[in-house]
Each structure stands twice: as C-alpha cells, then as structure tokens.
Amino acid sequence: MKDEVRTIVEKIGGVVEEVKKSEIYVRIPQQTVRTAARLLYDSEAYFKTCVGVDEREVNGFYTIYHIFGLDSQGVDIVLKVLVPEEDPQTSSIVSEVPAADWCELEIQDLLGIKFGGRLTKRLVLPEDWPDGVYPLRKEFRYDEKPSRVIREELHEEAGIPVGPYHPALHEPEYFELYVEGEKVVDVAYRGFHVHRGIEKLAESPRFTYKQVPFLAERICGICGFVHSTCYIMAVEKAADIETPERAEFIRSIVLEVERLHSHLLWIGVAAHLLGYDAGFMHAWRIREHVMVLAEYLTGSRKTYGINVIGGVRKDLNVDKIDKTMKTIAQVREEFKKLADALLSIPQIKSRAVGTGVLTKSEARALSVVGPVARASGLYRDVRKDYPYLAYGRVSFRVPLYTEGDNLARLLVRVEEVFESIEIVKQLVDLLPGGSVVVEEYDIPPGRKAVAAIEAPRGEDVHFVITGLGRPYRWRVRAPTYQNIPALRAMLRGTPLADAPLTIASIDPCFSCTDRVLVVDIETGRKSFIKLVRGG
Amino acid sequence: MSIAKILEIALKTGRVTRKYPYEPPLLTSEFRGAVRIDPSKCWGCGACVKICPPNALALRNSGKEATLEYFVGRCIFCGMCAEVCPAKAIEVTKEFELSSTSLENLKSRVIHRLTRCSSCGSLVWTEAELKSVVKSSPIAEEYAVLCPKCRKSKFARAASIRIGVGSE
Amino acid sequence: MSSVNIARALKAIKRSIWVYHLNSGSCNACDIEILDALTPYFDVERFGIKLVGSPRHADLILLTGPVTRESLPKVVRAIKAMPRPRLILALGSCGVGGGIWWDTYSTIGGFKKLEDILRENGVEVDRVVYVPGCPVRPEAIIYGILLLLGVVEQKVKKVEVVASES
Amino acid sequence: MLHSIAIAILQLALAPVYDGVERKVRAAIHTRIGPPVLQTWYDLIKLFSKEVVIPVGGGWYTLVTVLEMLTLVTASILLVHVSTVGLAQATIFEAVIFIVLTGIATTLAIMRAVSQNNVFSVLGGFREFSLVLSAEPFLAVSLLLLVSGVEAAASRAIAALILLIAAYVVSGRVPYDIAEAEPELASGVNIELAGPLLGVATVSAVLKKFISATLTVLVFVLLGGLSGLTSLTAVALLTPLTWITHTVVSTLLGRSRVDLAVRFLYTTLFILSSMLLVSYGLGV
C-alpha cells in the first residue's frame, strides 16, 4: 500500500479485510459509512458504484459494497457494509455522494434493502411487478415469472414525451421534457425498459464461468467486447489467472476497433440528429470498413465471441495484421476529410455550441465518465489511470475540453478516433508471440475483484464474487448508468430542438444501463411543479 | 467552401453499394453463421447442449429415442458447440440467409435410437455413441452394451473368478 | 376491414415498404444493423424501403429484442397503432426465440409469446417472418424483407434425420 | 390559357418524378444507389391503396388535410400558368390570388397541426407558423413588385434575390424542415396520419417543393422578360434544374433551429427589403 493510500484508509477507519494490488476492502460499521464516504469523496476519489449482495448463506448478512476509485493512485477502495437479515436497512450515502443515487435505488428494488431517508417507491422493476418479490435474493429463481399486478397508472403525461419510441432514440426509453415555450426547464427519465435480468441469469444454474462472457457481450450490442473483457478481467483477477501477453494485445486491439466503430456510429447519429444526413451516410460508410475488419478478426460483426477466460479463441495471422493496418490507414484518411467537412457545417456550430452544458463541478459531483467527463474538463481515462491489458505499453493523448457543451463532446470523440487508430498501430507493432489462451485454471469460490475498462462511452466497471462453477454475484456498472443523471443538468435551459442532440451527446446506451433500473421521476415532477408555480 | 467538401468526397468515392442479393454479400472468410450437425458423425452425447449459452441446442429423451434439436432462431452463433464436440460432427457454416415464415422451419433434429443394457434393460447409450466407443477405445463390446451398474458388477464377478475368491 | 387480402396487400407494398423500428428491449446490435442497412453499403432505399418515425405510417414493423416485461404494453400499443395489414419481421435471436435470456424473470421470450398476448388483446397480425441472427446482418434483414415480399425463396426448412440411417 | 393548364397538369404529374430525382441525387451524394426515379409515385400509389384510418379529430381533420392539398394544387396550376404565359400577361391580380392561395394553404396546414391531440403535431404547427411569418410576407412583397413590372435594375435584382430565398424556405427542405424534423418531432405535423390521408399530406409536401421550384423559375422568366415559347422552354428546363439545385443545397446543410431560423431569415430578408424599399424609392 502506498503511503497516500494508507493515510486515507487509516482516516476512514473500519477493519481492513483484504489488500490486493489495486483493491482494498474495508469493512465499515453502518453508523460511520456516511463519514467514510464523505472522506473518500473529499480525497479525490470518484464513486464507481455500489453493489448489493445476498450473502446470507455465506455470513448471514446482506452486504453492500461501495466502490470508490482513487484515480490518482490507480487503487479502488471498497467499503463493505453488513446489513442484518431480520432488519434489512442501512444508511444512505446519497447526500454525501450524489452519484450513489441510482445504485442505492437499484439495491432497494432488487434486494429489498431500505436506505434510511430514501423513497420506498417502486423504481427499477416493471410497474406490474408484485411488491415484496426481490429478484436478487438467492431464494428467487431466475425464471420465476410473478403474475402481473394491475396498478393504477401512476403517471400522467405533463410534458413533452420523448420515447419510449422516438426516432431520435433507437431504444425504448422515456424522457419527459417540461418546457416553457421551446426551452426545456426540467426533465424526467423513466428507463428500465431493457431490464433483462442479466445479473441474476449469470448466477443461475443455466450458466457457468465459461458461458458468461457470451452473456456479457449481449449486455450491449455496441460495446459488447468491453463487457466480456471486463467480466473476464474481474474473474482472472479474482482467481489469479495469468493470461498470455499475446491475448492481452489482441483484446486491446479489438477494444480499440470497437471504439472506432462506436465513435463513428455516434458521429453519424449526431449528424443525423442535426439534419445533416450526408454526414450520417459518410460516417457510416467509413464505419463499414471497421465492421468488416471486426468480422475478419473475430468472426462476428458485433458480438465478437472470441473472449474466453484465460485468453482469446482466435489468433492473429499475417493476413489479419495486414488487413488491420490497411483498414485503419484508410479509415484515418477518409475520416480526416469527413471531419473537416462536418465541422464546417454552420448548423453544427450554431446548434452544438453552448447547448447541453455540464460544468466541471457538476461533472465531478456526479462522477461522470468517458467523453462526457473529458468534455467538461475532467481528466479521466481508465486506460491511463488504471492501465490494463496492453495499454501500459502504448502512448496516446487524452483529448480534454473545458466547455462542457455538445460541441466539446463531439470534438472529444472526433479526436479519440484518431488516437484509437494510433493505439492500434502501436499494438500491432509491439504484438508479442506465444500462445493466446491458457486452458488450465481453477477458480476458487469466495474471491472478489473489481475490474474497469474504458469503454467508448466511459468507464465500465464489473464486480465479481466467485462461486462454485459460476459467479456468486456479478455486478455490471455501465458507463451510461453514471452519465444519465447528468442529463438533467445538461438539458435545463436547452432549446427543445436541441434536446435530442443533448440526450444523444452522452452517447447513451440504455441496454447497458438497463440491466437494472433507473428513474428519477419523483424529483423531476417535484421541481416541475415548483418551477411552474414560481412562474 | 469547406461545406462543399462532401461533394468532392462523394465524387471521389463514387458508389459503394453492394447490390445484394444480386451481388455477393459483404462476408469475410472468418464469419460464423448457423451450425450444421452431421447426423452420420453425431453421437448424441450432449456436450454441445451443455456448453450452448442460449439453449439453442437441446437433447430430449423420449424413452426410445434421444433427439438433438438445433433451433437456429435462438442461436447466438458463438460456435462453442463445434469447439467442444468430441465427434467433430458440428460444423460452423457461413449461412446467414435463415429467414423463415414459420418457427418449425428453423429447427433441425437428429434422432438417435437408444440401446438398452443387455443385462438389466435400462437405457444407456445412443447407438452411434456405442459404435464409436467400441471403435475408439479398448473396451470390449460385451462390456459396452451394459449400463454402468451392470458393467461394474460384471467386472467384479469376472475379476473374482480370476483371482479365485468367492466363486459360486 | 377485418379480413385482409394478404396477396394484394403485399403486391401493393412491393415497391414501397415503410418500416417502423420497434425495439422491445434488445441489446442494440440488431438495431444498429437496421440503421446500417440504410447506409451506403447496403442502401435499402433502392428497394423503396424507408424508415418512418410513427407506426401509423408503417407497412412493416421490425421487431427486435426479447420483449421485456416493462416494454410489453408499449409494444402492444405500437403494433395496435399500425394500420392493417400488420406485417412483422421478428429480428435476431431475441425477436425469434427470446435469445440468451429467453426464460428470465423480466422477459417474455420472443415473438411467439408476444403473438399470444397480442391475440388476447385483440390485435391481429397478418404475417410474420422470422429472421435469425445474433446480431442479424444487414444482408439478413434485406433477405428477410425480400422473403416477405416473395422476391426470394426460403432456404431453410425443417430437417429431421435419424442418426443411424444416414 | 388552356394549353398552359395542360402544361401545368403535365408538370404536376412530373412533380413526384422530380422528387424521385431528388432522392436519387441525394443518394449519389451519399455514395449509394438510391430508390428508382418513380419511387415517390410508388409511395403515393401504395398510400392510396391502404386501409383508411380516420385519425383523432375525425372528419374535420380529414377535410382540412384534403383542402390544403386542393389549395396547393390550385396555386401550383396558377403559378405554372403565369410562368408559361410570361411577363406580358402576368397580372398583379394573379399574383394576389397566388399569395392568398398559399396563405390559405399555410393556414390550413397550421390548423391541421394544432387540431391534433398530439404534442409533436402541435409543436410542429407552431414552428411552421413562426417560419411562415418570417418568410411569406417578404415573398409577397417581392413577387408583387416583380409582377408590377418595375424597370429599375437594382430593385428588380433585390426583389429577385428575396424571392429566391423565400422560395427555398417554402420548399420545406433542410435547414428549414423544422416543422417535420423527423428525429426531433417524430414527423411532427404528420405523426397521426395513415394510409390515403398520409398520401394526401405527402402530395402537399411534394407540391410545396414544386411551388418552390416554379417560383424560382418564375423569377427568371420575369427577369428575362420571357414569353410564349421561350418561357415555356424555360419552365420545362428550369423546373427540374432548380429542383436539383435545391436538392444539392439541402444536402450540404444541417437542420436549423426554429429560433435561429427565424432570426436569420428575418434579419436577412428585412435588410434586403429595406434595401429594396430604398432602391425603389430612388428608382434605381
């Protein structure tokens, strides 16, 4: 443990249970968790997520893990809080750490643990879900389908509904925008349409360690490789499995290819939302080269399917390396021209500048991640802060803007396309020899690990507790999960016409986020009423 | 004027559209499509069923027959089944034109007759599995046709005769 | 109005198919491939296919996802808003068979189950084409639409072989 | 008179084909093939063969939608007539009728939009209203001035410029497609329409583009003082040419926002109109 970290850990108190290379687990009594959280947040730690686990069969308690990342030290500090079975209640840290808002509500919904002083309203699960049925408790079977409960429609439309089916959102999500004239004054978000029960499924008898990567890839069809790699990294960390270096390089290459396709996709969609369809078509034309490359490297255009615990299933050969180099050179050349054309369109300037602003302090308070953070002046990039796979071996620049508006987020992504291309070049150049997979490994139960990856949308965090034959608990915190709460700050005062662009500017991936729930309707409604009354 | 640049790009690029289905699809040599099970090689052992993440493969035992069903409508095209198949009976094809107007057409089945233990009559092997085991391992056919329980007792009996203890 | 002449309806839309994209909780991969089919390399507009923003304008619904519990009522409402004949393309391993999460607590598991629920709600569907793929390639989507219109022949068929006889 | 109506009808039948060409040209700029040239006709035929669904608001709504189209048809025929007969026969009276007709059509369009119980439709209606207010008055003034046969070159040139800009706005193309703005308002004013009624609305949309192109042609006919056969040739050649020019311009731009669009149009057109006023006063 470094001295700086030691000082912090000593200050927060509690019992240090486990110290690993990049993780420190500290058990904290319920009464002092708020002070500890406050202390960590003030020591420049970012809040990553909290995880609720039903560990009754292990230690008789429900457990909550609050994961904080000390970016500057590259260390995660995990606060562990035990919640007694007979009185499932604990204290909320949301007043100290606003970013903990959603994950606490999620635990409340899926595990039935109450957070002192917070709403007890249904938030995550479908509206027709019966009360008192908590999917993440171990006695609940993953394929139970509780009968529908007809509830009165709690919600009547008062604002401009964007979704659940709206051309600007290609996923079923629901935003309600409250407007005065054409200006947005507040927004309510109702998500969880894509809640598929993935975390529960992974701990069900249907799955084994080996099969979960294929499930993880399907959390999201855009950044699937990020999720499977992140899960695998967590398991490998927990079980001390050494992956061959060549496999780590191949994973890094595929991750960057994925970032390329994701950013090109987003740039196209942003152009489309701004009515510039030529930009959309050309961005996606260039992206198609990346898709063909992805299929050539992995066998599938999107979901890849080459990631396994211990390495990868497909090796690179001369032809593949050659194709990779040719493709990225072509993409670089074509994208350079397109970016010039795109950024000269007058409407892009007039509509992206100064709209959807997220200030640095708001960004810090909400612990936003990825391009959203970097456009608001936060220097955060998991590839730099916690170097994983082969990223410690390459050099690249992290684009940083301080404006925090839609244009800044656009520019961050445009620059990252070029950086990714440089990274792939270096990785291919440095590619070591050797095998790409270890077949023999052993995963002992009861181990814990946190893994994080810089996805195209920001930091993706996976937390794994190992079990027998399959994870005991697997928690996924997608980047969008952390960024959506920032939308309220970004949308206020934005012209209605720019709302779709602003929503899109965080590059939201609801399928990632909605493995679980998300909602902020209550607060949205309250402030709406207040605003209306205040005139 | 840089806004007109897009015209220059368009002019230089020309038309990129593939006239699929009148032109070949944009497919690479590595693409994983639907799997094909070779009924002449399949043993019906169920290794593929065990590994299949979405349960697109299922083995159903009717008492007389064991049916291996592949439902391409739920397949995720990971190719793990082909990797684990001990008989190398599963092949990953490049087939993606799988559309159908009925779900039934998306299912393919390999039906295996089951053999019975020659001693107690309980169901043990599929015929194909029996054949391949006899062919590839040193086990004698008289043992192969038995269920594990009968085999154990037969072996114990044979052994005891040899060593000469407990002979009846 | 209750009975729809499918052959005539299909003939009418042969050169102009307006599609509505209905995501019922999919992972995004199929959805992105639908968008991809519009872009230069595949360009479905050459068949007169156009993506529209309202189910009222649609001739065909592209359904992706396993139909999650939460999205179910909204999916039913969107399909109901579509004028007859209601043609649906169930896309991807989720849309066809519920996908990898076919039996979890929060999904209903693909189009077959949805069809029953639609029937209970008095929403008739006139024709469905199932398009497997995970995700469906843009070409597979094109193939599916052309199969619906009868331009291409169906390739897959039910196969049942007895192992020892082959 | 009769022959120019015949030409007008022929032109109207060609309008969807021009629209098809537009889609083809746009596709070419996107490096793709695009739909067949007759695509808009195919779309219309299909829409009119679909099940009739009367939207919320019922008969009144249907009536407004159909009336809007009929007004636009009349305005189109009138416009083609004026441009084919040329400067000599074009009268202020015809210009006034045309302005009134387009005014009625716009009013009907806004009525159609705001009478819908759909927030997107209503919003689209308000946007249409703001846009119309910032373009159509200027269009009317410049058109009247040109038709009245002003001799002064500077005045004619400025009036023509105003008319060209306003004509582009009428077409409802990017950056001024803010009333429909598909990704923002889910097709805006047309969201609740289906089947034949959507067909009627589609015809109206094509007609707006047609009026826009014909107005531009009219500017050249008036400026060049063409008449008879020459003006006829001009209409036949310039209409598709203008249409394509409009298309190319629209592919190069993004969608504007209602406040930005109104501010831009108002400022530009107001300055031009002031200049027009001054030059007209000075007689240059």
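By written order: A, B, C and D. Residues from 1 in each chain.
The criterion applied here is as follows: a contact is a pair of C-beta atoms (placed from the backbone, for glycine too) under 8 Å apart; a residue touches a chain by one contact, two chains touch by 3 or more.
Remember, it's a predicted structure, so these values are computed and weren't measured experimentally.
**Q** Hey, which pair has more contacts between C-betas, B-D or A-B?
**A** A-B
**Q** Take the average of all CA coordinates in chain B, do the same for chain D, and state the distance between these two points in whole angstrom.
**A** The separation of the two C-alpha centroids amounts to 63 Å.
**Q** Measuring centre to centre with CA averages, how many angstrom lie between chain A and chain B?
**A** Once rounded, the distance between the two centres reads 36 Å.
**Q** Per the centroid of Cα atoms for each chain, what is the distance between chain A and chain D, given in Å?
**A** 47
**Q** I'd like to verify one number: the distance from the centre of chain B to the centre of chain C, where each centre is the average of its C-alpha atoms, in whole angstrom.
**A** Once rounded, the distance between the two centres reads 28 Å.
**Q** Of all the residues in chain C, which ones touch at least 2 other chains?
**A** 39-41, 43, 46, 53, 99-100, 103, 134, 137
**Q** For chain B, jot down the residues that touch at least 2 other chains.
**A** 3, 6, 10, 13, 15-17, 19, 26-27, 53-55, 76-77
**Q** Which positions in chain D touch two or more other chains at once?
**A** Residues 29-33, 182-183, 186-187, 251-253 of chain D touch two or more partner chains.
**Q** Have a look at which chains touch which and call the overall pattern line, ring, star, complete or other.
**A** Per interface graph, the chains form a complete graph.
**Q** Can you list the chain B residues touching chain C in their complex?
**A** Chain B reaches chain C through residues 15-21, 25-27, 34, 39-40, 42, 44, 53-56, 71-77, 95-113, 126-128.
**Q** Quick one: which bits of chain C touch chain D in the complex? Just the residue numbers, please.
**A** By the definition above, chain C touches chain D via 1, 12-13, 15-16, 18, 39-41, 43, 45-48, 50, 52-54, 56-57, 59, 83-85.
**Q** Once bound in the complex, which stretches of chain D touch chain A?
**A** Those in contact with chain A are residues 26, 29-32, 119-120, 123, 174-175, 177-178, 181-184, 186-187, 251-260.
**Q** Can you list the chain A residues touching chain C in their complex?
**A** 125-129, 135, 140, 142-146, 164-167, 170-172, 192-198, 200-201, 206, 214-215, 218-222, 224, 265, 268-269, 280-282, 284-285, 288, 291, 301-303, 509, 511, 514
**Q** Write out the stretch or stretches of chain D touching chain B in their complex.
**A** That would be residues 28-33, 248, 251-253 of chain D.
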